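Next, two complexes with subunit A in common: one pairs it with subunit B, the other with subunit C.
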Partner chain A sequence: MREADIIVVGGGPAGVSAAVEAAKSGLSVVLCEQRPALGGAIHRQPAEGAAPVAALPSLARRWQSLSAKLSASRVEVRTRRAFVGIDSTGAVLIDDRAAGKVEVRRPRALILACGAVERVRPRPGWHLPGVAAAGGLQVMLKEGRVPEGRVLLAGSGPLLLALAAQMTAAGNPPVAVVEEGDPVSRPLAATRLLTHPFILPDMAVLMMPVLLRRFLWRRGTRLTEITQSADMLSARLRAPDGREERFEVDRIGLHDGLRANDFGLTADPPSGLVILRAGDLREVLGAHAAEADGAEAGREAAARLEGRPSCGSRSAMRRHRALQHRLSRIFAPAQGATVLRDCPDETVICRCEGRTIGHLKEQLAGPDAVSARELRLNGRFGMGACQGRFCSEWALSLMSELRRSAGVPASPPDFAETGVCRWPLRPVALSSLANAGIYDDTRTERHIEGISA
Partner chain B sequence: MTAVRTFFWQGIEVPFRAGESVAAALSGANIHGFGKDNAGSQTRYFCGIGACQCCLVRVDGRTTEACLEPVHAGMIVTALEDGDA
Partner chain C sequence: MREQHSSPPVIVIGAGIVGTATAAFLAMAGTPVRLLDASAPASGATGAADGAVSVASKRPGPMMTMARAGAALYRELAGQGLFQGLFHKRPTFLVAASDAEADVLSDHSKALGEVGAPVRWLTRDGAADRLPSLTRKVVAVLEVEDEGHAIGYSIVSRLISAARLKVERYCPVASLEYEGRSGRVSGVRVGGAVIEASAVVVAAGGGAGRLIGLPDVSRPRRGQQLVTERAPGLNAALPGSLLSCSYLLSKKHEGEKADARGYGVVIDPLETGQFLIGSTREEGRTIPENDIEAVAHLAASAQEMVPALGQLRILRCFAGIRTATCDGLPMIGRMPGTENLFVAAGFEGDGICLGPLTGRIMADLVRGEEPEMDVSPFDPGRFATGSIAA
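Presenting the complex of A and B:
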């Protein structure tokens, strides 16, 4: 087997359309996906015997169309392959999870399309079993496991309503959706969505169970604390007028928006390898944008390898950016931005290392200024197995909050300042690294070449 | 009718559907806490996409994310804290 010209990482809409477009040039393309099946977050496929979740109207049949194009292409699909990083020589490291070994690849171009990760703001009790990211519950639902029992969804953004609508359709609507924003109080902003007619049928699907009162929709309301008692989780909510309310539930899904899954990627990759970013990993603009952006990246990669000028401008992204901007205004928190330092000191920020708000305050209390790097190396914030994906944003913003309150104006330091932009981008077994190597059959080719030389 | 396929969680037989993850099958059995990790924190399903590392378990002796690992018949899955022996 020969080395592929182009490796695409991520089997969602951006990655699949990038691979399909790149392969049209005749260049060889390998598409790697960390799960056993393609689809990504939006088009995740059900397990055997499970009922599929209906796609939103604007996305209906998109996946069938994309996968048909993929089947008709010469793209080679490899599942259970996780991207580990690029080493200093420009080699692309891919963890073959089934074989337990890291593949060392030398493509001419790499397209990264690993999507987005959820933002989940620390709240007291967010780390308890039974509390998951709302997107995590959606993964289960799409694969066929409808979250059972009494479920509460809280945080902010359209994903909460989408998950609630899907759970309702699957027969277990959530007890309530607790939304920090108050979309209803922003009719003008909502009217501006009319300039994006393609999402109106989606919104109708999202709003239908709300209008039918299938679950409570608490707007402008914040989940302030989760506690565990016996087998139940207790969620404390605070309404805009300050009134408090408690819900006893079995499971809680939290969601405070999305961010690009670009953790640990360096801005200045080794020369000689063409690296492009596509879809939500480049900019979180949703599934429609991701598919178009991926196609653009696929064409650009092929053009650059063939020495042709790449003509893509990605100007279509402007429309999607405007839509995301409008949605974020509609869902802006009604009680103002949250202040992390108001959470109790025992609130966990970094779950992997068990580090709390109190620990962070202690670290900053000394006479010397603490850098983002020291916060990680000495304070162990972001030092754990998730490599800061779920805590660094909050640890850094709390650090700047505390500095501001001490009279030192400071914007949150950049994630890169923590000093984690290097491979491995995700945990990889030492045995897999020890087994790292070129493909067996490539070795065989070299061996045969050696004999005949 | 096809036989129900099972794997083992802490020595207990748990049924699963072909094509689902260890975490999905455990959730189907109403198992949400996966024991303590090396730092003493409770492990549990969280992000579902292999990013948060909160659902680490041992699968046939190897540490891996329950949310990414496809489950197979007869697979031996244990909590991290019980796999050190």
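Presenting the complex of A and C:
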């Protein structure tokens, strides 16, 4: 058997629909997903024996229909396979953790649909144990473990309400949702959402617990500091009128929006391999958009391999983009944009290595105008286990804030300038690299059980 | 358009470890200096090196002698404050895995003894005791003391701040400007402008040959490396770096084939608790990128040498380009026929060890002072007179 024509990475709505569409052309398609089951961020499958967490109404049936199409297709599904990069020769590297080896594959096309990652802005105390990304709590919930104790959710965006609604349904509503935006104060913008009728049932589900006052919803409010006292976390909040309030809780979930999960990928990959991006990895526009975008990417990949003119203009994305713009306007921070520079110097930026705002300021203090790469190397920002996946954005924006305040006009430097674009994209066991081998197809099998109907 | 200066500064081209050290020692001696780099400090080989300050790995001859002095300077500057916290003393263990390698090692130990490097053979039990994580499948282990480790980009950053240099980044020098027939350089050309200089030091690594009119004198030789996650326990159990004798062999046979690829494994326990695993020697490769074949090869060799490394995760791979001259020795000194033009380049895999010493020597040469060491074996004139063909 020969190597697959197309490898799709990511088993969320974008990846699955890309694989299904691409396979319609008759080309051979392999779908790799790092987790034990497909589903992606929204349709994450519950752990064995756990009750499924209700998806939003507009999404509930979509996944079933997509899964059915996948089962009927000739796509080869491989779960527990993490894509870890493209080497300088164009080889696609897939970490097969169960087998303890890196597969070296050479497809003709690669579709990347690795979704989005959560942004969590550094704030004093955000690195303390018990503080997590809200999405992390959602994953727990979807895998059947309800976050226990008094939980506070803070940050900005609809995900906070979605998680709060899911926690409420699971029996432990959060103590409060602290939202930096003030959606209610922008009725006009909110009315514009009516032009996207398909999300209205979703909004009803999200708002129901709020209306029933199952938890407090502090709007226009910023969580300014987290401290630890005895075995509790204490969150300090600042309301729009400047009044302060404290909450004592067991856990805090933070969320400051989503960002494409393309960290470490180079903009100019080696030639000879067709590379397409799809779904949230290309542009964070939500699940409906991801499914449509994935289908277009699948068709485009097939067309390009078959030498046909590619049909896709990805024009369907315009509506989804308009919706996202409206949502982000509605959730815009009521107290203005945050300034990292104003946080105390002890505020951690890099959690892997405990590097702080003060450490960063030290690097920029001299007369010499250091580059982003020098800041990374000498300040050790983005040198830890995550390789900057979570902190690079903040290190770079603080760098440009400081530059601007010193009178040097500067837009945030590009990630590429820091030198982080290289493989492995994720840490890989040395023994798996030592065992790296050309993909061995004697072990090929269809992992249909990965898809739960 | 010419920029005017009342008394033009010395211009140093290249902010790798060699150029930065040269500029820093000049500035600290009171000589006005400008340090220019096509990109940013430590963006070349210096920022992608291992950082062994090692005599053990050198070829016998002038390189081994100079490495002894280079390592001594690191010790001196670490004690005196300039490199405090950046230079870490530790031995190197040369590991022979076969009888053939043991023979090479035996010759090598004699050469090391001759330059006064403290060496001692470990018995089988001694090796098991001192290096518990090392595979038992070794034939001989030689311990070399007085060695150490320093990270190239950290040294560069320290030199810049200590000498309060303002590096001129993204300033590629297109050519040198000569002063009629006087046999002097008058400055350097950057874009449309000429920057005047009282003297020029070319420390531009792989870019040096072209600037001094000897484009064929050096060749690029790529090295790929891996970095593990932190593993404090395993790290603490390794008191120094492990150098496979295949490394000595790969250095010995280097340059024989145009596209040869050599593997000589080095396992370096870093201060952070991580391990650095290097490195390949790939002839003619100019792009610092990694391929799975090389990385898998390095990973497998490292695991063979220290089996427990297998369970650690690799956080990143990177690559750097060494600049190797055709006779294997660097160029250090004044260009013949041009009174105020100096060159310091071609350090292949030894520039971290030799960089600070070279910088101090260059600063002396530029200032017209007697350098602390005889650098005549490295005289760039050997290429200019055509006595050695590239």
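By definition in this document, the second predicted complex is superposed on the first by the 438 of 453 C-alpha atoms of A that agree within 3 Å, B and C clash if a C-alpha of one lies under 4 Å from a C-alpha of the other, contacts with A are read in each partner's own complex, and residues count from 1 in each chain.
Everything that follows uses one rule, which is that a contact is a pair of C-beta atoms (placed from the backbone, for glycine too) under 8 Å apart; a residue touches a chain by one contact, two chains touch by 3 or more.
Computed from a predicted structure; not experimentally measured.
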item	value
First, second, both or neither for A:427, with subunit B first and subunit C second	both
Partner chain(s) touched by A:118 [first = subunit B, second = subunit C, both, neither]	first
Touching partner for A:366 - first (subunit B), second (subunit C), both, neither	second
Comparison of subunit B and subunit C by subunit A residues contacted	B
First (subunit B), second (subunit C), both or neither touched by A:385	both
Which superposed partner A:133 touches (first subunit B, second subunit C, both, neither)	first
Touched partner set for A:102, first subunit B, second subunit C, both or neither	second
Touched partner set for A:414, first subunit B, second subunit C, both or neither	neither
First (subunit B), second (subunit C), both or neither touched by A:261	first
On subunit A, the residue positions that both subunit B and subunit C contact, one per complex	384-385, 427, 429
Of all residues in subunit C, those that touch subunit A in their complex	40-43, 47, 153-154, 157, 160-161, 164-167, 169, 226, 228-229, 277, 287, 289-293, 295-296, 299-300, 302-303, 309-318
Subunit A residues touching subunit C - in the complex, by the definition given at the top	87-89, 91, 93, 102, 104, 366-371, 373-374, 377-378, 384-385, 387, 422-424, 427-431, 433-436
Residue ranges of subunit B in contact with subunit A within the complex	17-21, 23-24, 27-28, 30, 32-34, 37, 39-42, 44-54, 56, 62-64, 67-68, 70
Residues on subunit A engaged by subunit B in the complex (per definition of touch)	34-37, 41, 46-50, 80, 82, 97, 100, 115, 117-118, 127-133, 135-140, 143-145, 147-148, 251, 261, 351-354, 384-386, 389-390, 426-427, 429
